[in-house]
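Below: the structure, in structure tokens.
We just call them A, B, C, D, E and F in the order they show up, numbering each chain from 1.
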Amino acid sequence: MQAFGRKVACPMDTKSLNNLIKPKDGLVSSRIFTDPEIYRLERERIFTRTWLYVAHESEIRQPGDFVSRSMGEDSVIVSRGRDGNTRVFLNVCRHRGRKICSEDLGNTSKFICGYHGWTYNELGELTAVPFFDAYQGRLDKNKNGLHQARVDIYHGLIFATWDTGLESLSDYLGPMKWILDLAFGRTEGTEVVGPPIRWVADTNWKLGAANFTGDGVHVLTTHGFSTQLGLHQLKASGGRPGGYAVDPGNGHGASLVSPASKGEYYLGLPKELWPELERTLTKEQIGIIKPLIILAGNVFPNLSFLQTAGHSPKEWGGPEGMPISFLTLRQWQPLGPESMEGLTWLFMDKNTPSQWREYSRQCYQRVFGVAGTFEQDDLENWGQITQGLRGPMAGRLWLHYELGLDLKPSKEWPGPGTAYSGQPPWFDQLESLFYGHCVKLLMQE
Amino acid sequence: MQAFGRKVACPMDTKSLNNLIKPKDGLVSSRIFTDPEIYRLERERIFTRTWLYVAHESEIRQPGDFVSRSMGEDSVIVSRGRDGNTRVFLNVCRHRGRKICSEDLGNTSKFICGYHGWTYNELGELTAVPFFDAYQGRLDKNKNGLHQARVDIYHGLIFATWDTGLESLSDYLGPMKWILDLAFGRTEGTEVVGPPIRWVADTNWKLGAANFTGDGVHVLTTHGFSTQLGLHQLKASGGRPGGYAVDPGNGHGASLVSPASKGEYYLGLPKELWPELERTLTKEQIGIIKPLIILAGNVFPNLSFLQTAGHSPKEWGGPEGMPISFLTLRQWQPLGPESMEGLTWLFMDKNTPSQWREYSRQCYQRVFGVAGTFEQDDLENWGQITQGLRGPMAGRLWLHYELGLDLKPSKEWPGPGTAYSGQPPWFDQLESLFYGHCVKLLMQE
Amino acid sequence: MQAFGRKVACPMDTKSLNNLIKPKDGLVSSRIFTDPEIYRLERERIFTRTWLYVAHESEIRQPGDFVSRSMGEDSVIVSRGRDGNTRVFLNVCRHRGRKICSEDLGNTSKFICGYHGWTYNELGELTAVPFFDAYQGRLDKNKNGLHQARVDIYHGLIFATWDTGLESLSDYLGPMKWILDLAFGRTEGTEVVGPPIRWVADTNWKLGAANFTGDGVHVLTTHGFSTQLGLHQLKASGGRPGGYAVDPGNGHGASLVSPASKGEYYLGLPKELWPELERTLTKEQIGIIKPLIILAGNVFPNLSFLQTAGHSPKEWGGPEGMPISFLTLRQWQPLGPESMEGLTWLFMDKNTPSQWREYSRQCYQRVFGVAGTFEQDDLENWGQITQGLRGPMAGRLWLHYELGLDLKPSKEWPGPGTAYSGQPPWFDQLESLFYGHCVKLLMQE
Amino acid sequence: METSDLIFPSDERYSEVLYFLYREAELLDNRCFTEWLDLLAEDIHYRMPVPITRGRNLEYSDEMDIFSDNLASLKVRVDKLRTDFAWADTPPSRTRHMISNLRLKVTDKPDELQSISSVLVYSNRFSQPDADLFSAERFDLLRRVNGQWLLAQRTVHLDQSVVGARHITVFF
Amino acid sequence: METSDLIFPSDERYSEVLYFLYREAELLDNRCFTEWLDLLAEDIHYRMPVPITRGRNLEYSDEMDIFSDNLASLKVRVDKLRTDFAWADTPPSRTRHMISNLRLKVTDKPDELQSISSVLVYSNRFSQPDADLFSAERFDLLRRVNGQWLLAQRTVHLDQSVVGARHITVFF
Amino acid sequence: METSDLIFPSDERYSEVLYFLYREAELLDNRCFTEWLDLLAEDIHYRMPVPITRGRNLEYSDEMDIFSDNLASLKVRVDKLRTDFAWADTPPSRTRHMISNLRLKVTDKPDELQSISSVLVYSNRFSQPDADLFSAERFDLLRRVNGQWLLAQRTVHLDQSVVGARHITVFF
């Protein structure tokens, strides 16, 4: 095996793109993280042609509520209309392209463009145009509402896409729905706590996405301080943890981890919620979630989620002797080959007891987000990779994703999709499939 | 009508460039503001092939006086020679390309290059070369003076171009001369007051140029604070203002506005100057300037001017109850697709009474320039457009320039060129022609 | 002769590259300093295919000692192994590309990657892989050690290259060795004093390299303050200085300067070292070094060196009435067409008396480095050229390198290579050859 | 900085002026602009002359200002922010005025002091990862009126000849 | 900034607090984090609420913090730096806390003061030619315990809604 | 920062040193370099050691300085600016030295004080929309000579290991 691939000619043709990965060998070219031409194609071919997460329904409860978000590098408004429906608009005036909304969130029935006063309502309709008469019939207001994305919702998670030919969200998620149920569909519902923590990091967006798609291996080293300081209460008893790495297709991925001592953990959720879970989930799902302490995954392309009950001691804000956990959703928005915006939200099940809420919130704030003691080190990895791959030789490297590549699918896995099990259930193939799906999309003209 | 155009292949061929506009529909592609390849062509095909404003004669009165300016991204020196002539030099040493002048302005007969000491005089001649003998005849000093641009002057406004095949300034301006007379040729002469205010804004240069070429519509919304605070004294009496939008050809454009109550305003100039105006201008021009309160325009590509008598109250530095106005010239220098340097100068007619001068200066300083209460909001528009159009979907938008596209030319217009009249005289076709002229130049290899 | 060349089509083909220079006329296109496409080729075709300096043996004396350096934009580790051998590694983890070393220097036998814990020793071997078993034989540790460059050493100067087909360092240096002997092989050995001074300047790297390759002409103007303030003790007596400009081939270059009054200077080295020099150098070399006061040069592509005895007075830290000199090695690391990192080291002959050491160090610190009174002005030149050539017209300029182009090689020159002599021995052909060699490499696919 | 005119930090007036400047910064950064106007004297002249580089001299123009306001025009600037058309301030900037190097001097008038201070203004809007930074020296005339210090004059020397921002909306 | 509550620079307590903040900055910038912990009260609450732009209001969330620490969690942050896994701090940052605009106020309790200060944090790592700059206002509660001032509470208002850095490892 | 050695802000010497540093900054920023030389002691040693990152330690070299000047060499630097060949200073930079966090300490000698201060140097040339920013900690030795404070020693610790500028011409 060669360390370095051939240099791929620029600009990219389909063959060059295909040469970015060697799926059978589990190898990915380092160029995929730094090449500006590849990034330009990602903008055009991934971020206008997939279902992108934009907000959660609990963030826009009332008619007129809206939040400003991004779909890749496009700014959008996620708005709840007077009709109760959720819409997603390109945050650009149809007249001459000025942004029409520059706040993070609010409630309004009117978006007025600051240049010439074109006014839209919260349904995206163009309602007022100064000097409209002077257009003498050339301007059809009905055809010049805000440009609207297709919207679909799963468990309150609002997704949007620009692609009118794309499959439905349900088909797009496919087996991933079964996994998302475990996090967002296990009770009456989950809701967002507060605003997202946001930051701009000097890393390629794919590193965050792939890490949550299936990189369990890094925890031991990247977050090793926690073990060294004795901060884990759920110690491995009876050997290595088990569980599944799930390939739901379409580039998605998820990991489910249970300790060797298969107890009842329900992802560290408070006992008060267990009956609700048992009422809501299927028997197969209950069988899976009961011993679970970690659930992580990524919805292609850039929406990651995690619930972890690994953080329990008092230092992290939890009560003495009780495991605490939190559920977080996070998104890696591309800003360039070497830059992304990270956003991270905390979620709670609606009926979570208030004391546990506070424990969970404290824990989350201390370990995740831009200042989180765990997330700091993830970001450092992704930053050092992005910055370190700049050189001409580093740009020719083949990166390794072949751990467990020969594994056969698990036969015990009760859900849809393909799952692999092991102790621990950490294999590279989900990441390999993530990059494979990226390249597949990049090659579609 | 589709909101989004097809994606244009990169790099640009002539056909792709032609697809940037739909002149008959009054539509312009949003790509024109953000595409780096288009910007590269603008540098090469617009800014080396048009007459570019560099300075006013009153800024370099004495032999040896010079100012440092730009022609697009090229730095130039505008110098008055001992022979009284005005010259424009590329501010780059002919030896190995070091800048030879790094000050804003001064008086000198010598530009010494700091690297190897090649020395030029204020006529651009290479006068000294250390170790000249060692060139053994290979270096001809006469052929290595500073690279000189063609220079031509109209009403003291110094223009330069690198293009030896370009028509004369007079032909280039064409009917625009008739308009420029109203601002710069109406009296014995106008002169610059003080240095320019300069700033670097994160906007595409064309947005400033097009705005002054013919965007009257924006005033109502963009500068609406002024109306809301009751700061206009020249209230519309008897209905909407009238006037002309003038297409002088070659991508230039101008707007002339008179209040509905056609009084004598002479652009708000002090009465003391009126006789001088009447002596200097033609009968047709006097007919036009008499009721005028606003004169705005853009000389293609990037030289805008404005005289406005709309700002009168004490808050703007004027006397109680008297309209005050100012004449400003401004330039939008390209620095990249998303960056420009703005420069703005205040002008005064030579024989302006000193008290009025001070009123005019105060008013100008409060409403225009980087901190001006009016200009702030123009810049915000252009910045939000430039930054908002970055995304892949925003980059596919068609922008609207069809207001008044079906209008017939005015028959009352007494000057050269084609004019359109209306109440108010605000139509999009001048901007549409501006972008059309840009594209025409971009397509010329 | 035209001032401006034709515009070269982008992207670059071989013909366009060939058109960047006119060797017979001594002209170089200004595009070579600013074009991003040329820079991209330099990364690929110059900096992966030449011998690049990385460190001096005295910086890593002990087993386990290492320093972090660059080969162009690639970060590398220069390590001394337990076996005493010097190795150079790409500072990138073979697993997924994270940097493995982020310190400037240190001593270690272990580089642990912070992402998944792959561990390498100071020999570059991959020694530990967490969950290695799970690779099930797909991962061969022996084939996944750190990527290693070819290493070769001359007089303690460690060079490395990625190109396995490149000639040996000895052949690559060729006649340049004879010159390097005068600086680094004249005594028992030279060694580095302290860490390098480092800075990032907004200049193209080639300007620094070419300046040391053969630009003696600039001294008079660029460093003229020194003469004006009377800070030179070695005044020109008996006319202009003499010496040689040496073309050792392969794009290298060196200048050797002696005062008109041919005394014994030995580059200003302390008398205590003279016997050692005479023992170590050849008779021809002694003949050359005896009257020498300046020795400067550049090893292609980006390693410059200088010893100068021109700085003597007390102000520069030397003793009253005694000439003082210093030997410095400096490197210009490319970071982009308009950015480079400068590194400069001070060298001492091992047996230099301690008082002289201190004089030399003070002198060096006052005149060279990012804050040096001499180097400041060199950097200003290179920065003003790089920034000044941005414009479209400036980018079409032909730069002059024809001084002395018709000279015949010196017949007195006792060393290898081709030398030209004169009073002063300052000619452009070495720089012309430097750029010619650049273009030759750029054209090799 | 003529030593004889200086008011030392140990002088009570130095404390007062320091707190005056800190309070002013706080009002500006908290967007309490109306309250800020209360700190200004009736005859306030508030200006930023255009910087010029003439040869090796760094000058500030006496012919042209980047802004030149009196109380009336400053009130307009503040009032504008409450209209529906404060576009350049939508969204508002998060600003921070960091005051340092206060040098205080007596003047001919016992109730007027001259204050020279450095200010670094950090200004951030939207989702900018970076901020606009303005560095300046401020020459102030402070007047004590009814036991309260008021700003009677401010000349701001900006430390760059080309303003590095889309526009200036911040008060200095 | 209610004038009545203010403690003037000429007051000894102002000097003490100024030096407290300078000493704190010095410990942080010299990476003496264990000594820094000694400056904190047992009940320290140290937080940076998430900035939000809601319409034309610049708010700080009371539902979500960028960090929210007590003494135990701060000790973990400090202890982490001495483990073999302090990756985000490898290499460490060169930081500089520049304190300005200190405004000091009395509280209801005689041994507690409220301090508001501006801080500019310069932070540089690796071979960066540029640095991360954080601008913030800090609202502190200081308590005198056994003749020594301790930090009992700190709320940091960051002057940007999107943090412009790979991560935050610096203490504010 | 040993508390026992500290001179508090309420001490007159603190005021004097603060003003000394402010005056020094003013002279430098106003380009009065000759007057600045008058603030230096005959035996001034003025240096900026090279920063090094060795493992997780942020060090400053004692073998190599970015600059290392005595009075004679500083005079050359100043004199150079008046020659026809001050290229690196053509055009000159607009600079601003923002001093903060002054900590003052007694030494063994009654007429010598040790001063530690933070400085942020803003430096702008040409038409740059952005500026070079240098952050540093300065360790000064101040000596009272004939009732006047003079700078006898300054060691500047720059907060970055690679200088982020074309060159350094500014004095720190």
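Methods note: a residue touches a chain if its C-beta (ideal position, glycine included) is under 8 Å from a C-beta of that chain, and two chains touch if they have at least 3 such contacts.
Everything numeric here is computed off the predicted structure, so don't read it as measured data.
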Subunit C to subunit D, fewest steps along touching chains: 2
Farthest-lying chain, centroid of Cα atoms versus that of subunit F: A
Self-contact between copies subunit D and subunit E, residue sets same or different by half: different
Between subunit C and subunit F, centroid-to-centroid distance (C-alpha), Å: 32
Distance from the mean Cα position of subunit F to that of subunit E, given in whole angstrom: 27
Whole-Å gap between the CA centroids of subunit C and subunit E: 45
Two or more partner chains touched - positions in subunit C: 102-103, 114, 198-200, 221-222, 224, 341, 377, 380-381
Residues of subunit D engaged with two or more neighbouring chains: 9-10, 53, 56, 85-87, 90-91, 98, 100, 120, 126-127, 129, 133, 161-165
Every chain pair meeting the contact rule: A-B, A-C, A-D, A-E, B-C, B-D, B-F, C-E, C-F, D-E, D-F, E-F
Interface residues, subunit D side, partner subunit E - complex: 9-10, 12, 14-16, 18-19, 22-23, 25-27, 29, 31, 86, 89-92, 94-100, 120, 122, 124, 126-131, 133
For the subunit F and subunit C complex, residues of the former touching the latter: 48, 50, 52-56, 61, 63-70, 72-73, 75-77, 79-80, 83-88, 90, 161-169
Residues of subunit E touching subunit D in the complex: 1, 6, 8-10, 51, 53, 56, 58, 98, 100-103, 116, 118, 120, 133, 135-137, 159-165
Subunit C-touching residues of subunit A, taken from the complex the two chains share: 1, 3-4, 7, 10, 26, 30, 33, 215, 217-218, 220-222, 377, 380-381, 384-385, 387-394, 397, 399-400, 402-406, 422, 424, 426-427
Touch list for subunit C against partner subunit F, complex: 102-106, 193-203, 221-225, 228-229, 231, 314-317, 341, 346, 361-362, 365-366, 369-373, 375-377, 379-381, 383
